[in-house]
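Shared between the two complexes below is chain A, which pairs with chain B and chain C, respectively.
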Partner chain A sequence: MIGARETTEGGFFSPLQNIISRATAQRLSCLVVPGPELALASGLDLPAAGLALAAGPRQANVLLLVLPLSEKLLTAASIAYAQMPRPRMVLALGEGTFSPLPEADATGPLTSEGLMEATKKLRQIMAEGIFATKIDDYDAPALQTRIEYTCPMHPEVVSDEPGSCPKCGMFLVPKETSTTSDTPSPHDHATMAASRPAASVSSAEFAHTADDNVAKYVCPMHPEVTSDAPGNCPKCGMNLVKPDESEGHGHHTHSHSAHADSEKTAKYVCPMHPEVTSNEPGSCPKCGMFLEEVTKAGGEEQHDHSSHASGKEAAKYTCPMHPEVISDSPGQCPKCGMNLEQQTTDDEHDGHQSSGHDHGGNALLDGLIGLEPGFMSMIEMTDGTPRSSNGLQMEWITAPFGPFFPGLPGGLTLELELDGDTVVEAKTGSLTGLQDPLKNGPLAAADYVAALGVQMPLATIAYRLLACRAIEVAGNTFATPEIKAIRMATLARERIASHLSWLSQLGRQLGLKAVEREAATLHLLVHAADPATIQALEPRVKKLLSKLRRTWFLSRRLATVGALPASAAWDGPTSHDNTAAGRFTARLDEIATSLNEIKGASSLSAPTLADIGTATGEGHAEVQTPRGLASLHIKLESGKVVSATLKTPSMRHIKLVNPLIEQRELADALVAVASLDLSPWELNT
Partner chain B sequence: MSAVLLILALTVGVYAVAVLEDWASHNRLRLLGPVISTLALLGQESVLHRKNDRLFFETAPILLLVGALLSLAIIPLAPGLIVTDLATGALFFNAALAYVLVALIMAGWGPDGAYGMIGGWRFLGQLIAYAMLVVMPITTVAMRAESLSTITIVESQAQLWNIVYQPLGFVLFAIAGMAMAFVPPFDLPNAEGELAGGVEAEYTGVRRMVFRLGRMVLILSVASATTVFYLGGWLGPWLPDWAWSAIKILAVTALMLAGGRMLPRVREGTLLAWAWKLGIPLALVNIFLVGVLVLVVPL
Partner chain C sequence: MSGLQQYGILFGLTLGTLGFVLSLYALARAIGRSRAEAGKDVPATAGQLSRDPVWVRYNARYTGYALLFLAFDMEMAFMYPWSVVYREEGLVALLDMGVFLAILFLGLLYGWSQGVFRRQ
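Entry: the complex of A and B
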């Protein structure tokens, strides 16, 4: 067993370990990649196989791969696997490769029987022993890091070994970086953080490298905010200033001499602009901040200066970072290793230009009343952090909700910037997604229909039908009314199945276990059934629908969430009010009407293309998929598809995510996203 | 002797709660379920998160267990079968449960994960609001018994159980108790669909086992308190005292766990609005009504 736990040979506990192994084999909890809805669409009955759904990788001991999977999904899956506690196993169903994951403990075809067989094998392996004397380490390539050394003052100085900075002589500090991507793009970050619940605290980065000075106006608090015209900072509302006005703004440096001068006379000073001084309280004319009172402590500071000055005959060299380090001869600071700099006679601390924002923060505090050394100031701590709409300044956290998040479609990434538990901003994406079936050249029409169906595992029928219709229009062939009727009835069956899958996901999201179970079971029974079977299942489906309509608080819970304006580009299921509750009832209604549509049908089958021969032409078709209107424009040349333009509902609907969830509470935001029923397979990666 | 009996009762009680919890979420009654789950968790690696706060991470599950156990100390199963009959027993119940809050915040903070942290802070708001709704109905129970001792409270219900004498208080206490034990639909701190497990998300292996054990004891404790304060504790005909206690406690547990599964998880905002805007005024009305009743119909 590859993911076994380590143990010693013939230990005292080995009889107990045997019992534990057999118990573990009874408690299989799986993380489905990409998600449970794809397992459902493939007809996998997880509860029947005794597999529970894990809330996250930490609670799983089986990684169930529904192949084939995109490279990005496999990368995310490898991270999830690395997070799973031992003993852990990989179960791969279907055809396809899955590196960088380790070899699968069990494989099988992508059918319910295949799942049963493979799970049985997993249980056997586990029961034989989840402990091994020798285990293999697994490192997800995406998580591999290496230590590099960088100068705290000059981030552009990077070295593989510890040493000193060639520019300033400071000791280089170790820093962890990813080995896989040299240029970290936001997307890689999303993948890296996928399913890893580590809070990455976002603090505004100080723009050390923004030396190119193209911007004319800049925010004194947020150096990354730059503008060509004067105005206010969008983050904190301060007046933007010209960089040359605030001397050395990029480093928040404050010349000590200016500080000292102001302390002699002025009682109030701007925390950002020490040259702005006043005898009365008020606001800074440059940035609008309140002036702060200057203290006697400042006098002591000044006293220090004079002592510096008086000792300057003896002390000629000092550290730019640690003014208390004074030496007679040039050399290096014993504290930080920087080269000592010669003190000029007029006591100008030239070194401060390179002293960076850290020191700027301290200088800012040097003059405040009653501050003890080492006092942590709120001003300093929240310096540069963004401000919430309610005016509170907090640390925002960025957390990934996907690609394997319970209650959201698997493969969809949703990275939320959270202020407390309020969503500030969302970044959405898909780790799987549209691949042009024509990327290897023109395809025969029938092959194109099949390829498009495989591309869309969550709505195969609808997209096959779309391709068929578009090609038939292009080939000027038309299906007979009987075939049309069968197609519509099959589409209705897929709509029922799709909505049932969505209901199961909603049940999981809201903690309605019974709904989650029953909707999933019904999906498995309906999704490939013939009309007679569906007829027989109708009472059971109707019972679920009426139970959902009667569930206390459910409609009310959904009604306050996800309201779309009438102008929104929404063409999915909707009723008179386009809230999450409206879409929920609309889906329930669609299930009921689709059941009626199937009633008259003689048989149901996936749409196949009528014979178009070697036709040439162009065709356009639209199909109301379970998620909304999809359209396809196709160009046919002698029976082969040469170009195709596909527009899917999820492409339009994903743009609605941000306006729907901004400034909403986290739980509401997740319900709102789920109510859109996005399919990551319909999105561009 | 009574110490042995109490430990036995606790073990059986926690096991029964675990079976009921499994039944409520999987719809199957598996009598050996908790044993197998415990063994499986023992076999699982107990992962220590990379950027953890070790002290908080390790302490939280134990503190949850200890807090819940402490709150059980004032529950009488029969006359004389009680850990300690404190003169302030009814208030001690609420005081002990305050540690649950601390434990959950520590569990959320410890592993340095967003899900856990949000879960912990969510519970802060939840517990502060509902701790009020636990204390205020307890006040009326004590008003009738004219004592805070839990034994006296049970004896005061000899003629009429409090569920009949003060039904409003019962409803408030039951809901608040469920919120304190964060059972569905109040499982905001460890919601699966919203926080992928929240405060529990990063716990695996033995630590997770302790955490879940603490949770079971907490549920048992809330159910026992409901029984003692409102359902007449051990009082009942024919059967021995301890049997009545056991039956009532397990029935309350089953109702609590199964009933919650029928409702969608409550929104954080709604949950707090219910407590502060609706629950507390009602609890004040309850205090007034019971005050009048105690004066007019002293039963």
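Entry: the complex of A and C
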């Protein structure tokens, strides 16, 4: 057992450990890769095998792989496996490799019987003992992280070796970063977020505007944002104002600083009301606070600090903690050993100390010896951080909600930029997207049908039907009415199964255990059943439907979420109501109508291609899959598919994610994404 | 019950507590030490190593609710002494508190009309 727990030599605790092993074997909880909906679609009855679904890797002790899996999904699975507490086991069902993951403890075919057998084996292994005296750490390429050192005060300072911050002299703290991932490090990210709208303001431009004495429009909060014409600041949206052109007293006090001297943007602004700006020191008419001088460029951190400083003659260095320590050359503070900082960013204090000129701004506090310059100034706290919709400037974080997130389809990546509990922006993608079945050259028509079906495990019938229809149109051969009827009835069965699977997923996300379980059970009973069995199950399905319709909480929960704009390209299940609740009831209605469609059918079987011989031609077909309209354009050459253009509903619907969730609360956003019923298999990677 | 017996019970309780604590330790030892492995201290468990620090200044958008809660919570402080003298004062106390609560409630209605319950 590779994922065993570590124990010490000697058998003092072994009786207790035997009991623990046997108890653990009784309670298996699994994380399904890529997701529970694929286990359902493959007909795996997890509860019957005694496997509980874990909400995440930290709650799981079995990693259930539903093979084959894409390379990206396996990488994600290796991370999830590493996060599972020991004892942990790998259970692989189906055919395929899973290379970054360790050897499977049990394998089997991708059937319910295979699962039963494999689970039995897992239990045996666990009961025999989950402890080992010598265990190895699990290491996957995705986990190879390197330790980075960063300053607690200056996150932009990143070093590979421990040491002290070149800006403030504090000790750098270790932080893990991945070498293999191409995602930017937090530092990059923060800088990106801050400078995103103002990316055009390069330091070269900045230098240019600083030397320029022509009057420009500047942002009261971001002096580096300048424009020739009035307008709004790209960083904070405030109106640009015209800076004072006259040689005010501010410039005399700043004469030592080349930076501030040429940049005529000295302003006084209220720390609480940034719209209150003045050319003179004084107090804010709104709150009476002293106005603070804003000569400090907001983009200072983004520019190279030292390049500004070079060429300055009267540059002074001071300790951030002891403002009375002033030196002409850089070095350490004799009192606390911190690196001295150059006084280009705190011009008002410089002026104050060197000329004794009273500025008004923070005058009271500045008078106190020993206070940090800019004491209680809030500007630095929020400088450069993005502004939220409610006007506050806070830090945003990016959090992944996929590929494995309970209640969202497995394999779908959803990276949300969060401002508090509000979603600012989403990045969507798929780890298991479409692969062209024709990438190895033309395929025989029947093989193409099978290949497309395998590619879409969540809607095999619909895509087989789509391929059959397109090829038949191209080959000018048409199925008999009986076959057509069977095909439609089989598609109806898949629609029921797919919607039941979606209901189970929604129940999982909303924490409605009963809905999750009942919908999953019904899915397993329906998804491969014959018409008679489905007929017999109809009362049970109808009971679930009416129960769901009567659940007041559910419709209330969904009614305010996921309202699609009128122009949205949505062609999935629709009702008059374009919210998540509307899509929910539309799916319930579709289950009911699909049950009626199956009633007349004699038998149900997966669509197979009519004999097209060695036909040549082009064909186009459309099928209303459970998720929406899919279309396929196909080119046949002597009975072989040479090219195909597939358009899936999820390709269109994934574009709706951002408009649906922007500025919504996180929980609402997740429900909105779930209500779209996206299939990661239908997306391009 | 003699003093000695009482001490006996106390001794028994102490022994029981110690025994319980020791058995917990034994159980922890038996289960084995948890192992620090790569990925285990990553906050996100969605199959990606999220590198963003999650310890950030958090934009709490329910500040309006929090302030309202504070206002109505403070009022409870006034209701304790009121409930003590209620029996003596009788109906007058009820009316006084009614007026007080009505004013507070008007404030709530005003806040509502100004949209403090709306999510920002």
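A few remarks follow.
In this text, the second predicted complex is superposed on the first by the 457 of 685 C-alpha atoms of A that agree within 3 Å, B and C clash if a C-alpha of one lies under 4 Å from a C-alpha of the other, contacts with A are read in each partner's own complex, and residues count from 1 in each chain.
Heads up, the rule we're going with is that contacts are C-beta pairs under 8 Å (C-beta built on N, C-alpha and C of every residue); 3 or more make two chains touch, one makes a residue touch a chain.
Nothing here was measured: the structure is a model prediction, and the numbers come from that model.
Of the two partner chains, chain C is the only one that A:Thr7 touches; chain B does not reach it. Contacts of A:Arg557 after superposition: chain B is touched, whereas chain C is not reached.
Legend: residue contacts after superposition of the two complexes on their common chain; A:Gly56 is shown touching both chain B and chain C.
Looking at the shared chain after the overlay, A:Ile496 reaches neither chain B nor chain C. Contacts of A:Pro403 after superposition: chain C is touched, whereas chain B is not reached. Once the two complexes are laid over each other on the shared chain, residue contacts for A:Val641 go to neither chain B nor chain C.
When the two structures are aligned on the shared chain, A:Glu395 is found in touch with chain C, with no touch to chain B. Of the two partner chains, neither chain B nor chain C is touched by A:Met651.
Put simply, chain A uses residues 5, 17, 20, 56, 58, 83, 85-86, 131, 397-399, 405, 420-421, 665 to touch chain B in one complex and chain C in the other.
Residues of chain B touching chain A in their complex: 25-27, 35-37, 39-40, 42-47, 49-51, 111-118, 121-122, 184-185, 187-188, 191-194, 196-197, 201-205, 261-270.
Note for the complex: chain A touches chain B at residues 5, 17, 19-21, 23-24, 26-27, 55-56, 58-59, 61, 83, 85-87, 130-131, 197-199, 397-399, 405-407, 418, 420-421, 508-514, 517, 551-554, 557, 560, 665-668, 670. Contact residues on chain A toward chain C in their complex (touch as defined above): 5-7, 13, 16-17, 20, 56-58, 76-77, 79-80, 82-83, 85-86, 131, 135, 137-139, 142-145, 155, 176-178, 181, 183, 185-186, 189, 381, 388-390, 392, 394-405, 413, 419-422, 665.
Those residues of chain C that touch chain A in the complex are listed here as 26-27, 29-35, 37-42, 44-54, 56-61, 119-120.
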